[in-house]
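As structure tokens, here come the structures.
Shared between the two complexes below is chain A, which pairs with chain B and chain C, respectively.
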Partner chain A sequence: MTTESSAAPITTVNFLTRIKDNLPVVVVSFFSIVLFILVGFKGGAPQLLNVLVTGGMWALLATGLALVFGVMNIPHFAHGESFMVGAYVAYFVFNPLNKIFLSTGSKFLIYSGPILAIIAAGLAGCVLGIIIEKIIFAPLRHRTKEGWVMNAFLLTVGLSFILVNGTTLTLGPNFRGIPRYYDVKSLEILGAYIAVDRIVATSIALVTIGLLWFFLRQTKTGRAIRAVSQDETGAQLVGINLDFIQTLTFSLATGTAAISGASLLFMFQAYPTVGLTPLYFAWYVVMLVGLGNIAGAIVGGFIVALLQSATQLFIGLSWQSVVPTAIMILVLILAPSGIFGSEVKGVQEQ
Partner chain B sequence: MNSTTTSVEQVNIWSKFVSFLSKIGFSPLGLVLLIVLALLPNFYPFSQEYIVRWLIMGAFLAAQSVAFDFTAGYINIVNFGFAALLGLGAYTSGIFANTTPFLLYAPGLNPWFTIWLGAIMAGLVGFVLGILTLRLRGIFAAVMAWFVGIALMGLVNNLTDLTRGPLGMNPVKFIETPDNLPYFYIVLAMMVFIYVVLKLVVGSNIGLAFKAIGQNPDAARASGINPTKYLVFNFTLSAFFAGLLGGFYAHFFGSLTPSTLMHTSKTVEVLAIAYIGGRGSLWGGITVAFPFVFFIEFLRSNLSSLPGLHLVIYGVLMVVIMIYYPSGFSGFYFWAVAKVKSLFKKK
Partner chain C sequence: MLELKNLDSGYDFLQVLWDVSFIVEEGEFIALIGPNGAGKSTTLRTIAGLIKPKGGDILFKGESIIDKPPHIISRMGISYVSEALNLFTDMSVQENLLLGAYAVKEKETQLKTLEYIFELFPRLEERKDQLAGTMSGGERKMLAIARGMMSTPTLMLVDEPSLGLQPNLTYDVFAALLKLVKQGVTILLVEQNVNATLDITDRAYILEQGKIAMNGPSHEMKANEHVRNAYLGI
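Right after this comes the complex of A and B.
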């Protein structure tokens, strides 16, 4: 370590070239810090906590998106629908469960109700992911690999259409929401009152991201997933079961999106097109940091949440979709492969 | 002797006629179908007002799919902001023809004139979009167009002084008539116009360049094609016609809201038709759109207890066709024609 740092001392010239090489990152971090300070001044602690809550969620959603693109090369347009499914499952599990638990009067049971609902949503998401992968992507993959990225993208578009309208068909277009998960007083943090639900949602997002990260880094299956994302043929040569890995990846991504949908049920009521806004923001994140970049997606989630918060504070709530979109268009023009870049196979192919 | 020369002349005239037709993109069968379609609303079961309305919807969707396929089927870039461009044309035309005094501008121009303003506006944005997507390929270009579409829709939602935002505006109609029939001929004429113009472009050298770029931009560049020029031209023309169709929508329905017009799901509907019809054929979408609209409207009016069923069918058909029969209806048609021809040759 010491020898390395002494071999390349940080001189002014060295420093400047480093900045030049990482210009997009430097510019974005600079603006993020400025925005952070501005938002902090104008909105104070509640706004900053808000950034943390939404940022955690966008990060969790974007991680799934990045994973699916990195491993399977699918630009997933139906990710918001996984979010929607999670919200519905949580709603239908939580309400009866809560009634039963309330009747028992046990505090432990009442507090664990939401967690159980969120876990159920995650499991349902995983199962849905497996079904979708086996019915839609596996046949296409075995058929042809030509123009895969674009075809897969359009397939997910069709899938999103089916899921949204299938939900309308079976459950109707009504909103189903809950006022809150935890019926307790808000906590006071740094002079700001924040609902317990938000804290729980953020912790769940961070824990899920952490588990995912651990799984990808430390377990054998996780390494296999990363191997496939780097080189499919090579992974196959060393005996990795490609079909299994891809189904697992898709299922994980769908499951994490369902978890975020479930844990945000108190903010986003369940209705057929609820997934659209989260989908937009998750896409902003992956486009900002580079398609398929999982580590970047975590940082990017918070940057986008900050941007969203700043737009809300300084320009107005209704501009929330316009300003971030305009900035993402700029990012796409200036740094199409994202600020951190992505070294995923297939990004530049058709 | 005399009769044989006339028959030879007749054959000559016939083949000249056919070659002329194929230049503007029609086969004799296609022309006959078009004439049948044009006459259809004059006969009983089709002359009922609601069926004429279905026919209008069909022609509107068909024309959209032609303009969409011009980009998606040839240069292989999916314009995900197509509906937003169409909405931009509709709003521009609606605003210029607006007579409602409480909005910011009420110039009250003639809608026959303003639809061209809408088309030019959409064409300009298409031009910019073409320049923006120049460096991007495949998924990045689609996402770029998508983001631009979201931004446009957000703008329309927020510029309430001009558009009344989500409340929606009510542009004047082309003609003050309760009849739907004149509108059918307007949209049919637009559809044929768009089809013939785009077919002429595609049939020329420009079309070849499009296909080359769509298959491999680097190889196209290496063989001396300037992708910049062709990409921007393609986007501009496609957006121009989208804007024109938007103008028709504005002055036919007489009601515009951002979410019913510019939403991504509207693009997906057009995309589904274009893909089911067959990529890169232009006419595939037209043949599919009419039966489709009839089928879907039939479902909607008879099974109104099941909202969204027609859209589920849209999605399922699109997914199934993309996986198992990617060449779509036009591919099936060419396959069938080849099959029939080979049968006759054997005999």
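Right after this comes the complex of A and C.
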């Protein structure tokens, strides 16, 4: 059939108008590159790797937040507690495991210990996510969608209280940390010595983000998750089980946060409120790039880490939370939907 | 194939449908006609499972579907092309279509349907990599119908496909629906364009103020005095 008349012209956008259309992105990219070069110049390779380590972690946490917000419309303020649970699980799995593996003397076992602990934390996170979703959010969702965003927000705050205080009650307020995962000499990269733990943590963050990205882009279930985030009714009409997708999404988000908590156990010791700082930074990231924007969350994670590093190097360590916060306020004033300006379905709808 | 029995439905405290009963036989092309606010869309949304009915029953192939969630109803073979289209606007045309076949397990069936749809709507094939949200209104409508076909449904509920379309596109959409009926798909069509609708459908139900006011073969309805006065403006 012919539909000539309905043809929207295929626009060939030239370079300049493209820049103009994406001005915030271009400006942010430009400043990020400049900052990256400056940080590299002043701090050298260790500082750049630091950006990668923290950036990877913020990106991983922010991706979880973006997913949960995009798909379920939950402003998740208990996301830090998933991080905390991951850290605890890794601590309690790694120590005994390491003892056993050390006694066997097998290098392979000793090296795989941390990986096993991190995987265990990830799995525990996924299970915790399923339990939380089924006990708390699913019943509310089935009862009423009225005032959902606010109700869900309050629920996550309450959940955060329960998890933090429950942990304090059962495990006590003590710090539980490990000096390092890998008891080996630091690697020399570009003339700087870098702890193997950092390299492993960065790799894990990048691999997890990569897998998550692949899952969302290339698999049928991943496509269904994105479909729900774009149009819930449409998703139901093509036969997607909303309950399944929402539980899966929450589980994935909790699991990935647990993985980042576990892989950074050498930096952040496990204690009840360890999740607070990561939570705040993950929220900076999603607010900076726009709520519910997953691709943006990944890029944003690294931008925020870069900002922190730059502040630390050029202004002073104590300013490293102030500057990102100030920039976030500016972003909220100038581009309220974030620099990558994504529209989020539910907020206006519900 | 589809039977509504004394259906009462609506939103929260607002009841829209009152004791609506009708039957759609296999292979039929049925029109549901009525003024704005009569409850046509509500009827379709209730059948699709998006609204829980307040009373009565809906039977599909002899099985009650009122307690089933929308995704199960969709998987049973009822495809609802909503008025709002509910497309996945940030995804490409191809991804939208593949999602339409979400519940179809066999990859071969999926590809075959996709091929058939591209034959039916060549425009969609040309634009398969374009984001659904960047397409024109007519193209979106076609995409929504095409996506509804991807699940290889036996019954399609099509809500106002001509809304906001220029006349020649409306004709295209109707032609596509007729083709589908010839393929053996049963269609329940809600339309404002009463004249054209009565020309192509087999039977029609007239819904007024949430109640079925009359029904009969479409050509008879077209000759009916009330229909001519109220809907055809003759």
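FYI, the second predicted complex is superposed on the first by the 329 of 350 C-alpha atoms of A that agree within 3 Å, B and C clash if a C-alpha of one lies under 4 Å from a C-alpha of the other, contacts with A are read in each partner's own complex, and residues count from 1 in each chain.
The rule is short, and it goes like this: a contact is a pair of C-beta atoms (placed from the backbone, for glycine too) under 8 Å apart; a residue touches a chain by one contact, two chains touch by 3 or more.
Since the model is a prediction, treat every value here as computed from it, not as a measurement.
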First (chain B), second (chain C), both or neither touched by A:N241: second
Contacts of A:V26 with chain B and chain C, given as first, second, both or neither: neither
Chain B versus chain C as contact partner of A:A227, first or second or both or neither: second
Which of chain B and chain C A:S321 touches, first, second, both or neither: first
Partner, of chain C and chain B, that touches more residues belonging to chain A: B
Chain A to chain B touching residues, read off their complex: 75, 136, 139-140, 143-144, 147, 149-151, 153-155, 157-162, 164-166, 168-169, 172-173, 272, 276, 280, 283, 287, 291, 318-319, 321-322, 325-326, 328-329, 332-333, 336, 348-350
Residue ranges of chain A touching chain C (in the complex, touch as defined): 1-3, 5-8, 220, 223-224, 226-227, 230-231, 233-242
Touching residues on chain B, where the partner in the complex is chain A: 76, 78, 132, 135-140, 142-144, 147-148, 150-151, 153-155, 157-158, 264-265, 268, 271-272, 275, 306-309, 311-312, 314-316, 318-319, 322-324, 326
Chain C residues touching chain A - in the complex, by the definition given at the top: 48-50, 69-71, 74-75, 79-80, 82, 84-91, 95, 98-103, 120-123, 134-139, 142, 147-148, 150-151, 166, 168-169, 172, 175-176
